[in-house]
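One chain, chain A, appears in both complexes that follow, with chain B as partner in the first and chain C in the second.
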Partner chain A sequence: MRRISILAHIPLVGLAMLVWWVLWFMLMGTLMSVEELNATIGAALHDDGGRSFWPVLPAWPTLQPLARLLLDTPHFFVMFWNTFRLVVPSVAGQIVLSAPAAWALSRFRFRGRKLLITVYIALMLMPFQVTMVPNFLVIDRLGLMDNVLAVILPFAFSAFPVFIMLKGFDAVPHALLEAASIDGAGPVRTFLHVGLPLGLPSILAAMVLGFLDVWGAIEQPMTFLGDPSAWPLSLFLPQIVAEELGLAMAASLLMLLPAVLFFLFGQKYLELGIQAAGIKE
Partner chain B sequence: MRRFFKQTDLAQRRAGGNILRFLAILLALTLIAQGTAGATLARVVLATPERGEIIDAIRAQATVHASDHISKYVPPGLRIAQMHVHMGQRVGTGQAVATFARDALEAAYIRESAALQRMERDLETLLRDASGETPLETAQRNAQRARADYTATLQQNEADIAAAREALNALAQPEALRNHERALADYYSVAAQGQADIHTAFTNLQNTTGENDIPLQNALRNHERALEDYESARAQSEEETATAQAHYNAVRRGTASTVDRTATENAQRNAQRAREDYQSALRQNEEALTAAEAALLTAIQAHHAALFASPPNPAALAAALAEVERAQNAIPAAQATAQANRLAAARRVEDAEAALSQAQRGATTATQNEREQAATALENARARAESNILTAQRRLEDTQTALTQAQGHFEAAVAQAQAAYETARNRATENSQAARRRTEDTASALHSDAQRAQTTLQNTLAAAGNSRQQAARRVEDAEIALHNALQQAEDTSAHSHINAATLRLDIAEKQAQVEALEALLAAEGVLYAPYAGAVSFAQQTGESTSAAPLVTLRDTYGGFHAQLSIPRTQAERLSVGTQSEVTTGGGSLFFVPTVTGIVSALSNPCENDRVTVTISLPQGNWNEGQRVDAQIIFSRANFDLSVPVSALHSDNIGYFLLVVAQRNTVMGVQNVVHRVNVTLIAADRYRASVMGAIDRNSQIITGSNKAVSVGDRIRVN
Partner chain C sequence: MLIFFLIPFVDTVRRSFYDVRGVNFIGLESYVSVVNNMAFRLAAVNTARFVAICIPLLLVISLGVALLVRCVRPGGAVFKTTFLLPMAVPVASVVLLWQVLFNDGGLANSVLDFFGLPGVRFMGSGAAFWVLVATYLWKNTGYNMVLWLAGLDSISDTLYEAARVDGASKLQSFRYVTLPCLLPTVGIVSILSLLNSFKVFREAYLVAGAYPHDSMYLLQHLFNNWFVQLDISRLSAAATMLAAVLLVMILIIRRFLDEKD
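Now for the complex of A and B:
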């Protein structure tokens, strides 16, 4: 692979800075006191007129917002664990329900298969705002309003993981399946012992994407969860007023960390999954 | 799962480890945060609104005093030989209180008796009037005199002013005014006459200019015409002479044919020109005659106008007459000139025609006769030319002379009319200025006399005003002196009465002292208690008496009162007769001894703006100096919703209560503080009655271990 020259790094670094500036913005905001935040960006928040600016480094760095968030904001942690209470079952449900569905769509040929795949794709493309009202009616009929299952079940039955895993399972060689069949393995055993291990990259990719999707979900909890004690972390920031901007910055940083860590964990499989989706046999 | 972990690489395992560490840290922080949050929650004390009685009252501590006390006084200067009572001792009526030294008692008796006699003598002296009304009478006389002077001054002033007015009126005589008016009318008349004369002279000037301009123009036209004739005659003569010469030369040379043709043409042209000149001369003659007749007519009209002008102007009339004569003389001259011109023009025509016929009869070859004829024609042509030229020149000279004369006449007439105009203008200006000066003189004379009289009148008025003011001031001073004299007389009289009354009182007091000393002497110097009571004050043995009481007895069988001090603002709500509850100490948890008293007196506010309230107490076991709690109640009412006063808060918006409500928060169901705005109806020291969005079940914060604000999560104590 040809090495990129030093000069070529400059525009790349510039483009990267455009992306990372937001993160730096948030990190420095975490280290600013409320007074400094009001002095720099207060004009934009309070609509009093004047100019706002964002310094590269804080003039009076302080850990007070972070300390207040970590030590004096118990409801932040409650919402944090509420988020995990939503994410883990959702992701697990996606894996348990979408993997077999994807294997079936990938390996079996039956009438209406392509139509079904098309339906899955159409469902995947629909935004939440389109399906919100039908979802609301179904969940209300099922009596699941104000219940965490109202958020978990729609995510578990999501179409997007099926699509990701479908492409991954398509990459499994037929020869292996035939060999397993010759060895007497049935469809279930073939799925469990051949399909799942070989399709693991796509499964993990779907898991990472699903985690990111549920972790940042705000519409579903806002719509279906009326009890504040069940609210996830995505509903913590809207409660913060402009006077607690430092707290918002620190909360945003902490909210970002799990997603980053999980992404780092599944990055390799995510890339493999995307790669596999792009290869056609 | 084992297979899964076998498939992961080091980076993945590290990332997984990071996730687990992160979650562990978060778990620890969760526990710490929940622990600290719970520790920092404020603990509050709650109460619910309930029906309660609110008493609007004033509360203060009071001191009990006995209402009646009697002090016994003795004349001063007595030495106490023995004091038989002491502080706090109860004495009965008639009990010996003190024994005085006899020598001091006798000396005091003598001294007081002498003083009494002296006072009585002073009273007699004071009652003797030394009437002296001199200052008052003097002041009255002065006042009368000042009033009389004022009246006389007014009368004198009126007379002076009347005299000054008469003098002013006398100066404004009708004769002077008439003179002035006459001079004014004369001025206007002279000015108008002058303007009329100027206008007439100017009109004459214009007419003269117009009238004399016509002959001048006519003479000028004649002269121009004569000049044209002269030039024409000369040109024609030269041409004829040249023609004749050419013919002669041709005849001499034998080229008559050419010359004849040329001569014929020339003769034709000359004949034609002669005819035209003749017609022109006729027209000129007619024009000259017409102009002369018109000038005559104009002169006659001007003569008529000058003849009938008003006022008559002899100079203009003479000028007009001379003009008429000139115009009349100009007509024959014009006729003669016209005749001469016509004849000359006719002669020229004949000659031109003769030359033409001769030229037409002309032979091809000139003979000697023809030469002679040609020569003769040439000489004739030359003679005619000279004659024509001479005639034209003479006429030119005549017209020149007429023009000069006309110019002279014109200039003379205009100069004369101009001189008459200037004369009229100057005369009008002089007359107008003279009339104006006369007017100013009469006006000045009239004004100065009037001003003198006016000044005199003003001075008289000013002097009258000053004298009147001075007289009025004198009257005022005299009246003030009279008033002061009256006041002084009254004061003197009142002072005397007051002194006499005071002296009588002193005499009575002294008399009482003397009688008391007599009584003591009669009792061998022993003083007995007039009433029973407790001794609250007593002098000691060996002391001398003074104006202070010898002994004070408190009547313990009478009433007691409680005195308390309250701010003036609170005392303003009190009045004598207000009920008061007095609570003594002691009692038990279930019974507090309370009696009802009546406010009997309110003192005036003292320096620290506090008022002493006296409450009459009913019969009871009171002690002098006892401390009690007094409560003066203004109103007492029951309210449905009353809260402890500690629950009531206020800010710039108004009163509010902090109410606890359970809310569903992220942390679950928690007690959260929220604000309820209320209206304060009544309040006392303990409870307050409010009105607002609260009911009997509302949990109101009445106290907390730390500051609590709206939105805080709290813990109920």
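Now for the complex of A and C:
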């Protein structure tokens, strides 16, 4: 067994390098001066016939591009703020709307329940390209085009968190609910005091997945937000790449950091969320 | 949910039979125009090719990684985190890196130079398609690995014990215990991979724009471009067809697996 473990390390480390190198690149790139960036990878971006190379460590580590981004680039903060303005209400909306929906689907037996769950799963499985037109029709009808709500509302009403929480609530033992109702708790209190605490892991799972999804969202803001001043970082970054190498590096890292931190703290729940999708119903 | 997805989707299906303003009934005209559209054909073929190549590749690679990660049980968690990490990496933050790697004067060509191989125009040739495939694999291996690991964990130890008692070798117990027990997982992993494969549009779009090289012009580009032109009838028809194709594929995968059970 030990021998296998050591042998297994070889391909794993090789593959893991593909991930580690990307992070290393981002980190070192941020620490490089603009001159060094231009000398090493400028050739890739300007297509002047030269070749790029990448040193393991920067020759002269500097925080100057990062400082410039944070101190002299106010529109970066606007974009950062724009991103939060989309992410926070979207994720909060997902939780507030999905938790009761999932609870109802999980706990109450009503006609059409099975059908409704099937519809949820089918919708969850549809890519954005399919839901784009329906979303647009509603948003246009409500007069919300170019409004941040055009991005937030469809996210908040998405089917995926309902599905994950449904799995979580299904696991709550029936005996506990009976105990609650014998103690005189109504449906709402049962939900708040029994369902929510016990379903918390699946709610957190939905939150982590939701955050990562909206944080990196490209299609939705691109489709429904026409005004570049309302764009989130994810749309803004690709535009500054060509002009400002140093800034782009630092901004890329800052875009990456919250997602990675969120991921590291929520990894347990993320895995739970992925597995929830995998359990056969 | 009803308001944002279901009802408007029915409306979308309806609109696919009407003209642009949604007033006059024109029957299947939009469908005919979509199917005869050269861009649609190119995009549909590319998307089908992409899915057909990526999903088997991803299934095999992620299963391999999952098995390897299980072998190094003490240190497995580190690798699990590592392979899941790309999921959390926002596409926008690696656009710069992708350009640095795959532009004509990029790092990938420097590596080829180093080995004395001729340079490749990654973004301006059929190689663009493979860059996209690699990106998809990079991003989704971890996700699938977790699904496989859950599947592997659900196989009870007694089965392995029994196999060992019967004198099965490691390889045999993999072939006759592990693989059959993983079958139910295969279905769900393929369905989820299929859906995640539609998300590569983010990468493709950010790296190469709305009109990339022909080899990676996907349905997602087409939808986006038609949307910009506000061609709602054609878009509705195409969306309806895409939804139908996906549903049929999902049903086939599930039916196929239910029979195996």
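Keep this in mind: the second predicted complex is superposed on the first by the 244 of 281 C-alpha atoms of A that agree within 3 Å, B and C clash if a C-alpha of one lies under 4 Å from a C-alpha of the other, contacts with A are read in each partner's own complex, and residues count from 1 in each chain.
Here is the rule we go by: a contact is a pair of C-beta atoms (placed from the backbone, for glycine too) under 8 Å apart; a residue touches a chain by one contact, two chains touch by 3 or more.
Nothing here was measured: the structure is a model prediction, and the numbers come from that model.
Novice: Who does A:Leu57 touch here: chain B (first), chain C (second), both, or neither?
Specialist: In the superposition, A:Leu57 contacts neither chain B nor chain C.
Novice: Could you say whether A:Phe136 touches chain B, chain C, both of them, or neither, answering first, second, both or neither?
Specialist: After superposition on chain A, A:Phe136 lies in contact with chain C alone.
Novice: For A:Phe262, using the defined touch cut-off, is the partner it touches chain B, chain C, both, or neither? Pick first, second, both or neither.
Specialist: In the superposed model, A:Phe262 contacts both chain B and chain C.
Novice: Does chain C touch more residues of chain A than chain B does, or is it the other way round?
Specialist: Of chain B and chain C, more residues of chain A lie in contact with C.
Novice: According to the stated criteria, A:Ala101 is in contact with first (chain B), second (chain C), both, or neither; which is it?
Specialist: In the superposed model, A:Ala101 contacts chain C only, not chain B.
Novice: In the superposed arrangement, does A:Leu115 touch chain B (first), chain C (second), both or neither?
Specialist: Neither partner.
Novice: Just to be sure I read the superposition right, which of the two partners does A:Leu200 touch: chain B = first, chain C = second, or both, or neither?
Specialist: So A:Leu200 only meets chain B here.
Novice: Thinking of the overlay built on chain A, is A:Phe76 touched by chain B (first), by chain C (second), by both, or by neither?
Specialist: A:Phe76: touches chain B, not chain C.
Novice: Please indicate which partner A:Ala175 is in contact with in the superposed arrangement: first for chain B, second for chain C, both, or neither.
Specialist: Touch partners of A:Ala175: none, neither chain B nor chain C.
Novice: Counting contacts the way the document defines them, which residues of chain A are shared by the two interfaces, the one with chain B and the one with chain C?
Specialist: Looking at chain A, the two contact sets intersect at 262, 264, 267.
Novice: Give every residue of chain C touching chain A within the complex, in rising order.
Specialist: 1, 3-6, 8-9, 11-12, 15, 64-65, 68-69, 71-75, 79, 81-97, 99-101, 103-107, 109-110, 113, 138, 141, 143, 146-147, 150-151, 184-185, 187-189, 191-192, 195, 198-199, 201-202, 205-206, 219-220, 223-224, 227, 232, 235-236, 239, 242-243, 246-247, 250
Novice: If we count contacts the way the header does, which residues on chain A are in touch with chain C in the complex?
Specialist: Per the touch definition, chain A meets chain C at residues 4-5, 7-9, 11-12, 15-16, 18-20, 22-23, 25-26, 29, 41, 43-54, 101, 119-120, 122-123, 125-138, 153-154, 157-159, 162, 212, 215-216, 218-219, 222-223, 233-235, 237-238, 241, 248-249, 252-253, 255-256, 259-260, 262-264, 267, 270-271, 274-275, 277-280.
Novice: Would you pull the chain A residues touching chain B in the complex into a rising list?
Specialist: Per the touch definition, chain A meets chain B at residues 70-81, 197, 200, 227-229, 231, 236, 257-258, 261-262, 264-265, 267-268.
Novice: Which residues of chain B touch chain A in their complex?
Specialist: 3-4, 7, 9, 11-12, 15-16, 18-19, 22-23, 26, 29-30, 32-34, 36-37, 40, 664-668
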